[in-house]
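Below are structures written as structure tokens.
One chain, subunit A, appears in both complexes that follow, with subunit B as partner in the first and subunit C in the second.
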Partner chain A sequence: MAQSDPNKTSIAYRMTWRMPIIVWQFLFFIGPLALMVAMSFFLVKNYRMVEAFEMKNWAKMFGRDYFWDSYLYTFGLATAATLICTLIAFPASFALAFKVSANVRRWAIFLLIIPFFTSYLVRTFSWYVILAESGVVNAMLGYVGLGPYTMLNTMFGTLVGYLTLTLPLVIILQTISLAQVDRSLIEAAHNLGCGRMRTVLTVIVPLAKVGLIIGAVFCFILSFGDFVAPYYLGGSKPPTLPILIIDQTKSGQQWPRAAVVAITMMVTLFTIAFAAIYAAYAKRGRT
Partner chain B sequence: MRDSGLRWILWSYLALVFIFVFSPILASVIFSFNSQRFPTIPLGEFSLEWYEAIFSDPEVWEAAGRSLLVSCCTALLATFIGFCTAYTDFRYNFRFKGAYLALALLPPTIPLIIMALAMLAWLSRIGASGQVWSIILAHTVLTAPFAMAIIRLRLSQMDESLEAAAWNLGADEWAAMRHVIVPFAKPAIISALCLTAAVSFDEFAVAWFVSGLNKTIPVVILEIVQGNIDPRVNAIGSFVFLTSMTLVVAAQLFYMSKQNKDAS
Partner chain C sequence: MAKEIKNSLLKPSRREVLKYAGASALAMPFVNRAWAQTTEINMLAWYGHGEPDIVGEFEEANNVKFKPKYYAGGDNMLALIAQSPPGTYDVILSDAEFVQQLNAAGYIEELNAADYNFDDMLHEDFTKFPGHWADGKLHSVMVRFGHLGVSYNKNAITAEEAQSYSCFWKEDVKSKVGHFDWHLPSLGMISLYNGNGAGLWDLDDAGWDKVQETTLSLRPQVGGYFDYGGTFNSLKNGEMLAMCGIGDWITGVLEKDGAPVGSVVPKEGGIQWTESYCIGKGSEKADMVKKFIQYMLSPEGQVKSAQMAAYPGFCITKAGRAKLNEVDKKEAERTGQVDGMPNDPITLVKEGRIHYRDIPKQQSLEDWNDFWSEYKNA
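Now for the complex of A and B:
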């Protein structure tokens, strides 16, 4: 490979490109997160934060039943959303990866990128109106003599919101990874007499494992951290962890306690993400 | 026979999924022209009252101006930082490069509500919260990784020896950057500008926490939604949708047109 040595560029030149992100992230990313960790040990006196190193906030939050109720509820909902989203997305991604032309696939992916850039708030508000007791869905069901069903302020409502947020992204990630599966391996499986379903489960899914798991991880992260769906569509009973953060910050001035909730969330997410990535790249054993 | 049946099922399934994804967007646009305060079937009459309501509201205009300012500044900053990082990753190997890239790409994996809390605490500590530029600072952190990814993708299509060739022909490193790298990356740079602007234009969690009284459009929407059923949201939403879509389509066109030209 004829490649001249990039290290002969001057230090000034190199650092011009290397430093901006380092400086910016330390000032406005690492700094804030580090302060948040420190803040979880601060105290609040007379509505003012006082620097300290006390375990009070941690003890208070971890000692409350409502915190653990909220934690389990949020975790359960995000897990459910991840499973449902992965299962709903898979047939669609499968169709996009194997049953349509490359051109249709490109268009489908472009269409699925669109929701990512439309206001999630407005879409949630839309669902609120559509799913209401006297909304569009119940009106349509009424024509065929069903309902009305209560869909708002239920887990169903929250899950609809989560899926609105995550489904397009998960389909995109799954489609990309499925489309990269080597077709000759699938043909080989067919030629060797492997049935349709078995080919999907024992050949295609393992080969696309990384993309499927990454999709699921993103679904979990987004659902776990979303406050809009559980608040507006789920009625926030019980409140999820993000709603607890908002309550503690906005109404109570209890920033340190909000920090405790936020750190607990981050530790949970990192644990899940690392476990999932480990599983994704674990060596592919024989089945 | 069996195959066409399966194909039919998959197509209908795809259609259902796309209906689920797009029905809230379409519904919002339709409801914005609907006279009923609480839209249901059958729809009410065609009406522009919600648009009139928002266009005559000075708060909405102020917020729109602020949103534009924030997304333009964010786009410029984030794209500049993203370009620097993408070029560094493309050109250099150095110790701790893994950590460097992790630092650059980590922000999107942190839930926005956590970033919002951390930013609020940090900015109010350094006396920078509640300002328009507090939102810009925060949004730049959130969007720079996207800019970096887009530009990096483009650079990876470039022959690495092009830059070295420019050096050998006597260009100094800055000239090579200006005449070789930047022109090559230009479509991606423009895409990155559009996409980071679009993301910033829609972001509400961090903006809500750090903006104080300087509300952007999504924060105004959030506050209206908190109050009551108010179809003005659909009217503002459709306007925001139009803005973001214009940016996204522009980004896509810039990126694709250049690639087609390269390919031919």
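Now for the complex of A and C:
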């Protein structure tokens, strides 16, 4: 009778490797999430949270038009950022994956990582100099008789901020995904008379679908939850959901109402993420 | 010779190592004692009050070290105290309208009025500031104040136009009017514009509806809602040409830097922000905090407050004003803190053009905040 290796099969061995991630998830995700859900039912009296189980905060937030206005605005803005970012990133990623040497690709990815070494807030504030009416962009447009255009404190400003945050990451994810596409399939498509654009759309994009979708999902998640860009480049006009969270805590210390907004955001993000994962893997699963 | 000394330092002998170690060990108790004598004062305040330009000299003279915790807004301050055990904060700088709530919640100590020179105050109101006294007992001492009104870019709005809040609706500044992102000062100003005068915080239903209506009519003019940094930047780079909800506490810093901006109290009246010091309940350093409050009321302390790097405030004592005129005439004149100047802040208070910032009387802060969120989304 063959004996199984006790080191590989024992529960203790498996648990040892699994425990860090389980403990991490409980300490930093499940625990705080449970606390936030519980907090959404608490009340605030004299600037102090009082433990309770009341639906007042949910009724209050869901009953306000401004909450739904903020929700739709934030959702629309994050969707627009995702589409724009994916479309802008794709040509760059395509070039890095197929048109340059492996060495150049490595350097390009390193350069794309560098922005993450600096503070996002500082990068956002630097846009003030560039986008202001007396800034660099308007000065350049002025030479050809255009402008000045108002770019700060607008939706455009917010989108610029979102792209500052997400574009490098999306290009990296897309590049890694495109670089893994089997070149022989591309050659086969060409040999069978498939044009360049058709090869991209019907061969390369479907093969890199998972990476492309994951890049888009990351872009949506980061944009949907970002406070800095809509506040500092969008002028909080109108406020997005993260700004609404700050507004609730700033005046009256309404952390329970802020929790309602946060939970709504999380449910939305979970729904989007799971739908995207399903879309990414569905076809592959059926074949 | 120099080479020998260098070699001795780089390669000490065993005897030298033992000598230095012994000397260090013997010196340690004295070093520790010197450190132990430095008293830490935990301060809760708006940004800037615990910085070296304000507390540096006092720290040096009294061998204390301030550990500031900064907040933004009275609600935030109350929440920070509520979430901390008694005695956490030794000295609390509060907006005057929140002192009453600090006292009601038992967060501050009673003060001895005889410890402070109220006779030197520039205005009688400052000696008995609303909410600072309860049942004849003193709980807080006012140390500085400032006025909120029309803040504007002088290239876009004339000094004459700035004499009324109506300049916010001027066609030329469409999408260029900014708001400091706090409902209280902005809605207070709209209430003044509606002619509510001294009753600006005490609005019945009709008055409150009218304030909301007027505020919403300003929405097409609004270019953004900003915190301190955003307000500062947008005025500096000309993105915003007028600002509702602020005053010289922001434009003063920019003006001194050469920006073409200024603040005035318009004909409808202005709002006064008032900052006061309290001793935190259960503080073990109450005597030192008392000394610090006395220092801030001294001529030297008042000048430091008037020149504060983060945001300037007006002097509240006669001796403080005299000292400011003596050491920084330019700043005194810029802010009207010279007897006889038409924009003298004390004259404006005496003329009844200034109304102390307060909280809504007939609505809750929550009502005002809710409307503010609606307004931002309109």
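Everything below uses one rule, namely that the second predicted complex is superposed on the first by the 254 of 287 C-alpha atoms of A that agree within 3 Å, B and C clash if a C-alpha of one lies under 4 Å from a C-alpha of the other, contacts with A are read in each partner's own complex, and residues count from 1 in each chain.
Everything below uses one rule, namely that a residue touches a chain if its C-beta (ideal position, glycine included) is under 8 Å from a C-beta of that chain, and two chains touch if they have at least 3 such contacts.
Source: prediction; values computed, not measured.
A.B. asks: Quick one: classify A:S134 as touching subunit B (first), subunit C (second), both or neither.
C.D. replies: So A:S134 meets both subunit B and subunit C here.
A.B. asks: Tell me the contact category for A:R48 with respect to subunit B and subunit C: first, second, both or neither.
C.D. replies: second
A.B. asks: Does the superposition put A:T150 against subunit B (first), subunit C (second), both, or neither?
C.D. replies: Only subunit C is touched by A:T150; subunit B is not.
A.B. asks: Classify the contacts of A:Y232 with the two partner chains as first (subunit B alone), second (subunit C alone), both, or neither.
C.D. replies: Both subunit B and subunit C are touched by A:Y232.
A.B. asks: Touch check for A:I113: first (subunit B), second (subunit C), both, or neither?
C.D. replies: After superposing on A, A:I113 lies in contact with subunit B but is clear of subunit C.
A.B. asks: For A:R64, is the partner it touches subunit B (first), subunit C (second), both, or none of the two (neither)?
C.D. replies: second
A.B. asks: What's your read, subunit B or subunit C touching more residues of subunit A?
C.D. replies: B
A.B. asks: One more residue to check, A:D247. First (subunit B), second (subunit C), both or neither?
C.D. replies: In the superposition, A:D247 contacts subunit C only.
A.B. asks: Which subunit A residues lie in the overlap of the subunit B contact set and the subunit C contact set?
C.D. replies: 125, 128, 132, 134-135, 232
A.B. asks: Considering the complex alone, what residue numbers of subunit C touch subunit A?
C.D. replies: 72-73, 75-76, 78-79, 82-83, 105, 175, 178, 181-183, 222-227, 229-230, 233-234, 237-239, 365-366, 369-370, 372-374, 376-378
A.B. asks: Which part of subunit A faces subunit C closely enough to touch in the complex?
C.D. replies: Result: residues 46-48, 64-66, 69-70, 73, 125, 128, 132-135, 150, 152-153, 231-232, 234-239, 244, 247, 250-254 of subunit A touch subunit C.
A.B. asks: For subunit B, which residues are in contact with subunit A within the complex?
C.D. replies: 7, 10-11, 13-14, 17-18, 20-25, 27-28, 31, 38-41, 80-81, 84-85, 87-88, 91-92, 94, 100, 103-104, 106-107, 109-115, 117-123, 125, 137-138, 140-141, 144, 148, 160-161, 164, 167-168, 173-174, 195, 198-199, 202, 204-205, 209, 218, 221-222, 225, 229, 233-234, 236-237, 240-241, 244-245, 247-248, 252
A.B. asks: Enumerate the contact residues on subunit A facing subunit B in the complex.
C.D. replies: 2-4, 6-7, 9-10, 13-14, 16-22, 24-25, 28-33, 35-36, 39, 88-89, 91-92, 94-96, 99, 108, 110-115, 117-130, 132, 134-136, 139-140, 163-164, 167-168, 171, 221-222, 224-227, 232, 242, 245-246, 249, 255, 258-259, 262, 265-266, 269, 273
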